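Labels run A, B, C and D following the written order; every chain starts at residue 1.
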Amino acid sequence: QEPKGLRIATSYKLMTLDPHYANLNENTSLLSHIYERLVYQDERLELKPGLAVSWRALSDTQWEFKLRDNVRFHDGSPFTANDVIYTIERIRDVLKTPSGGFKSYVSGIKSVTAPDPLTIVVETNGKVPTLPLSFSSLFVMRRPSQGFQTTEQLNADVPPLGTGPYRFESWSSGENLKLSRNDHYWGPKPAWADVTFRVIENPSARVAALSTGEVDVADAIPARDVAGLKQRGARIASIGAARINFVQFDVARDTLPGVTATSGEAIANPFKNPLVRRALSHGLDRGILVDKILAGYGTAASQVFPAGLPGTSENLQPREPDYEEAKALLAKAGFPDGFNLTLAGPAGRYPGDAESLQAIAQSWARIGVIAQPAAAPFSVFNTKRAAGEYAVWYGGTSGEAVDIILHTLLASPDLARGTGALNFGKYRNEAFDKKLAEAEGIAVGSERNAGLAEATELVMADQPIIPLYHFHHIVGFGPRVGSYVMHPRGWTTAMQTLTATEN
Amino acid sequence: MMALVTVALGRLSQAFLLLLAMSLIGFIGIHSVGNPVFNVVNIETATPEDIRLATIALGLDQPIWRQYLVFIGNVVAGNFGTSYIYHQPAFTLMISKLPATLELACVAMLVAAPLGTALGLIAGRRPGTLFDRAVLKASVSALSIPSFWLAMMLILVGAILTGWFPSGGRGATAAFAGQEWSLITRSGAWHLALPALTLAIPNIALIARLSRSGTIEVENLDFTRFCRAKGLSPRRILLRHTLPNISMPIVTIIGLQFGAMLAFAVVVESIFSWPGVGKLLIDSIQLLDRPVVMATLTFIAVAFVVLNALVDLFHAVLDPRVRLSSQR
Amino acid sequence: MKAHILRVLRIRPSRPALSTSKVLLASYILLAVAAPAIAPQNPYDPLQIYGWEASSPPGTVGSGGFPYLFGTDGLGRDIASTILYGLRISLVVSLTSAAIAALIGLTAGVSAAYFGKWVDAIIMRLVDLQLSLPTILIALIAIVTLGPGVDRIILALIIAQWATYARIARSVALSEASKSYMDAARLLRMPTARIILRHLLPNSLGPAITLIPIEVGHAVALEATLSFLGLGVPIDRPSLGSAVANGFQYLLTGQYWISLFPGLALFGLIVSINLVGEDIRRSLDPRNQSR
Amino acid sequence: MIAQTQTAPLLRVENLSLCLRSAPGSTAILTDVTFELKRGEILGIIGESGAGKSTIGNALLGLLAPEFQLTSGTIAVEGKSLSAMTAAEREALRGRRISAIFQDHTASLDPLMSVGAQVEETILSASPALSKRQARAKVLDLMGRVGIAEPDRRYRNYPHQFSGGQRQRIVIAIALAAAPDIIIADEPTSALDATVQKQILQLLRALVDETGISIILITHDMGVVSEITDRVLVMRHGEMVEQDDTASVLNAPVHDYTRKLLAAVPRLHIPAVSVNSGDGLPDSDRSEQPATHEQFLIAKDVSKQFSAGGFGWCLGAGKPGFALSNIAMRLPRGTVTGIVGESGSGKTTFGRIMAGLDTAPSGRITIGDKIFDVSRNGRRSGLLGRVQMIFQDPSMSLNPRMTVAETLNESIRFGARMRPDDSRDGAARMMDRLGLARRLLSRHPHQLSGGQKQRVCIARALLARPEIIVADEPTSALDVSVQAEIVRLLKDTISEEAVTMVFISHDLAVVQEMCSSVYIFKDGRIEDFGTADFIFARSDNPYTRALINARPRRFTC
């Protein structure tokens, strides 16, 4: 019997129907049913064909993409190179910030041409070996009869038109998104006749909805609820996310707010000293974070991605805490009695964020560093961090690849090159910058990955951040779903589910 | 009648001042809390240049007073601006959440007000009886349970264990007067039950407590004794004499609580994924989505002004000694 | 006033139900005061907490050498100790804020009713303004501009709560102000403040007295909500409210103790405050004083 | 049943004893009260203020305050003991068999219901078969019979829009509306002027004669007693002093207390040189004042209107109701000026305006050499506080949450501006002078009898040491012997402290005794005025004469 619709409870609150509005999982996860990308990433983040069947570099500054034939938009019109060009132009030239989250993906593109309707040639300003990867984030829209569609139009009048496996039915902001099967989809026939996403932001409510069978899939299940859910007959899928949560230091300023000697007097910035940073990393019990706070649904971190993903280093393994060594390092750095600091962080942004602050404080207390955890709502946290009110803080970031994170988080801040956007601690390491730039110039492949791994090893030796953990995405699903394939980017889609009958 | 018009006009002009004051507080408040731009761009990937451009695009680079003047100008022209986050007109966004909130609050209050008053009246008439003690204990308990606990317990019992009710969401809706309503479909009404109950229970308790203590006080007064002396049935005394005399604080509380349900039923709305105004407001505050915050705050202020004016009107109608314009 | 307080505190052995609640409330206060002496663990001292013992069920004996009577929470804090310490914060925050808010609100509401005209208009519009501003926003503003701290929370809660009292008191005072004992007081030409506080206020207090204990409980819950959003007391110093809010996440998990025990403690606290409040209300009614 | 009705008296009270629950035995409120009430009989209960008269009434109705405890005794209606009845049966007695007129008439009315509706619901509950229209007609009839003018207009008015006497008559109307067998009338005419009082007494008498109901009439007014009661029961300190036919008690009292009481009855003296010395009455007689007295308070052209509408916020709805027009009055320092007049004629209204409690659209009041504009708020014009008032309904004018001591001390502290230690026993001494036990100081108003409350109000006004007092029916709830003492006290105070007093009363004998000049009010106008001698002896104003002639014969000489 044909399975009825699939019902998914998601924490992702779709903000807009404009697929180019903001580069947030909230939008991209749901819109990926309707819109497609030229290139996909598989579960190990390796690239695979999407609307493009193949791609190759024609030269250092030219890429050629062969497009898939016989693909139709939901209104029946054929998909051609023209639509890709429209998409790129719309993102690069038309959309203005704030609706410009994707701009960085196309900023290196000089021009796009279509030698034939199923081929595009992209000319870049410099070497952009990751262009195909960038294209794995861009949703292709259909070129309208004239001009460019604005975000307002997409939200209000024009139904979204894509080539994806599901077509748009209705949307009510903050409530639900309804989709139906695209029977003319070019790929494998979509499993469900229709799909309803219900936005349920409260985790317990998602758990409850899954428990009662009101939904078939619920994403972002809190780890602590896993046991209970399993007891009530739900099944669980999980995967380490392509992201990292870490502690970051301000290593630039001479004195820092909230950092004092144990006696309470102000002291010079201790985090300029790599010994202190290393001591704090050694004096940290990641096991508690991972096994207790994340209830096992997390991986202790020693670098920016979970070991094993492309560009990671096998040599960097998370260490057990060593309080004695940490104390020794502190003493060597001139802080035998430790010091006091305020550890800032957002509350409720990442799984285990506020709890981690306290667990970290517990660990550090054992080496004499008294940390005062200070959690704040995310927006307040950001404003204060930007204003320099913090000395040490908890943060998180994600990206499609290791180099993107290295590029923004650890590379020296440089407006011109666009590096170090998240390097709020103003950490600078020229050797690393050079090594990273070299690796980034290499075409995608094992050589590039090796270069990135080496750069990572180099920078982590200096401990500019303390990697904490890579949390896992957890999805629960009910009996009507046969299995659920997790993806490290953390999207929740109907395409990842297989019906029970199929299994 | 003239007096009524004068009073209404007076109220209206006061309301405008109030709205002005509130917009100022909201505006400066949001401004002081943080910079919305960090929520607009993806902070995990955005470059400083992105942030700079977004700041300019939102007009956040202007001095706060100029931003405020621009805002006021737009509001006068009927435009609250576009949501930073959702990129929809803020006012439309707020209005789209209204039906859900309205029907939830109305149902909850329609259950709570009569039930609470009745319980309190009956209990207060004979203080110390078994029924009275039961009402007192039950209402004290109901008021002592944190609302999220109550919500979760109702879900656990009403949805997960028994499966009688859905655990959340609005269910099917149907269009009426250009908006989508749950109440008029079977499934929608079914979905409404638990959240409405969660909102109603503490209010039943609160109203019962108020009317109980009022009844105890009033039933001791000479005129209720005289009513008994003149042979009125206890029921009539309770309904026609005690009830009006205790109704002022009760109606006041009903007004306040109803307003609070419209505006601040966040816990219930989020646990039952009931997409209402309260949740929109809190989310917007946390995301510093100023246009939506301002639009929602304006609606709430208007709602409270209207509700409180209605309560005052009720008071003036009920108690001939009180004048609407309260001049003494 | 002293007479009232004495009347309130007078033990009435003939009312066992009420004295139970008084005893309960008294023991809560006692426990809060004595927390550092009797709690097996100081949950605010990170050195005494063992993260690896997080989420231990009740009865587990931890590295501190004592059994975790009510188990430990997700961070390894002894729940029994957390309750004891958290009580201190919650009691101070809720009682102070409710008391001050009641004082301000009642005075404002009664004054509005007494003076009428523009005084009434101003106070009542302020009330409308306050009612339409969400507590979260107020707390955000207070904490961001003044910095975090228990006193800021109390401030935010006072701002959030006074308006309710004002409206309730006014609703009663409007009728009360027209009675002739008010005329008698006015004839004596005593200071207006005294007329309001000594004559109008006590007679308009009825519903407010019922409301105060309810609002105390409300304040605990509000404080918990704020803590939950990172706006409350510092996260490493959980109040009873934030312990309950934290436990909320565990309601549907098997780790019942993390939510159950703080919840029960809070429930008992608010129930006893309410019952004592009911007792106070009764004893403030002149018709009940001789009984 | 029928046999029983014939043999058993309608109501029989035997050995009724009551004490306060808080202190059993020690404070007896009633001791061994025994009496019978026959069908068609009016039994008067007289006695000291605080003797327990109202308490008897409450006991009969089963509406005792919870503080009281019945220690012994039985109450039987037609031979059936109340204690043997079920709660429902007792409930059914009230209204249908026994109804009441409470002493505290103002507090007896629901402030939020129009008076008409309050009468009507009583009628409907007594005879549910009546249609709304019939009931309405009956209400209007009743209101007319108790002397409320324009009943169809006043039907919709609320209690606070009525004068004291009018409220009392509404309460009477309600008691009659229930059509009971027994009416317990507790001071039913204390707020009524002589003519209206006469009308009410006639109404009651007629009811008794025509329908055979019985009335227990609690009163301090010996005139009323002599006029209509059949038998009298005299009470003191919660005990019965004597009980007999009215004539025997009044003419040949056995007990000392009764004798004392009768001796204290104030008598109206109407000199033989009476009536009509012709048109050429010298005007000087009217304005004649002892030359020694300066004119201390002068009221001029005071006018005020009340709208007829029901709601305060619907100002201007309908035609104007009552109007006070162009009242002018001169009060020489150190004298007592009486205001008497028809119930509802504006006496209280005028008193309140004088005290600065209410405003009037036009008029001027001069005190000493200071002029006050009464259209302005009393606090702002400074008038408020110059004049103390003894309010007409004592129970409403006492703060229910303050003890007697607190109330009196406040008056000493703020009215007389004395430091608390100076005033330490001022209150207690005043209590002694007013014949109130000092232990009452710690009581709250609801724990006092009607007369006790009234005396507390007098004490409060006197302790404030005002220059001017407006006393609105200050002795209406007091038994004659206490009344005599209070009158003496007031006179002493006036002469000792040169207080100027306005004495509003319907008791002509007291007015004659107290006042040097008298104003007669009717329908919001001054109908007549002059020295007391002139008014009582020589005035030929028909209303004045009617008022004086309406006095019960017996205590006039």
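By definition in this document, contacts are C-beta pairs under 8 Å (C-beta built on N, C-alpha and C of every residue); 3 or more make two chains touch, one makes a residue touch a chain.
Listed by chain with UniProt protein names: B, C = Peptide/nickel transport system permease protein; D = Peptide/nickel transport system ATP-binding protein.
These figures come from a predicted structure and were not determined experimentally.
J.: Which chain pair shares more contacting C-beta pairs: B-D, or C-D?
T.: B-D
J.: Report, in whole Å, the distance between the mean C-alpha point of subunit C and the mean C-alpha point of subunit D.
T.: Centres of subunit C and subunit D (C-alpha means) sit 48 Å apart.
J.: Between subunit A and subunit C, what is the gap in Å from one C-alpha centre to the other?
T.: 43
J.: Measure off the straight-line distance from the CA centroid of subunit A to the CA centroid of subunit B, and report it in whole Å.
T.: So the centre of subunit A lies 38 Å away from the centre of subunit B.
J.: Quick one: which residues in subunit D touch 2 or more of the other chains?
T.: 111, 160
J.: Give me the residues of subunit C that touch two or more other chains.
T.: 140, 144, 175, 178, 229, 248, 251-252, 287
J.: Can you pull out the residues of subunit B that are in contact with at least two other chains?
T.: 33-34, 152, 156, 160, 286, 319, 321-322, 325
J.: Let me know each pair of chains that touch one another.
T.: A-B, A-C, B-C, B-D, C-D
J.: For subunit A, which residues are in contact with subunit C within the complex?
T.: For subunit A paired with subunit C, touching residues are 203-204, 207-208, 211, 222, 224-225, 227-228, 231, 285, 287-288, 292-293, 346-348, 354-355, 357-359, 361-366, 370-377, 380.
J.: Under the stated contact criterion, what part of subunit A meets subunit B in this complex?
T.: Going through subunit A, the ones touching subunit B are 15-16, 18, 21-24, 96-101, 103-104, 151-152, 155-156, 172-175, 198-202, 204-205, 208-209, 211-212, 214, 232, 377-380, 382-384, 386, 396-399, 404, 408, 415, 418, 421-422.
J.: Considering the complex alone, what residue numbers of subunit D touch subunit B?
T.: 61, 63, 91, 94-96, 98-100, 102, 104, 107-113, 121-122, 125-126, 158, 160-161, 171, 174-175, 177-178, 180, 310-317, 395
J.: Going by the contact rule at the top, pick out the subunit C residues touching subunit B in the complex.
T.: Subunit C reaches subunit B through residues 17, 113-117, 120-121, 124-125, 127-129, 131-137, 140-141, 144-145, 164, 167-168, 171-172, 174-175, 177-178, 206-207, 209-211, 214, 217, 221, 224-225, 229, 244-245, 248, 251-252, 259, 263, 266-267, 270-271, 274-275, 278, 281, 285, 287.
J.: Mind pulling up the subunit B residues that touch subunit D in the complex?
T.: 1-4, 7, 221-223, 225-234, 236, 240-241, 244-245, 316-325
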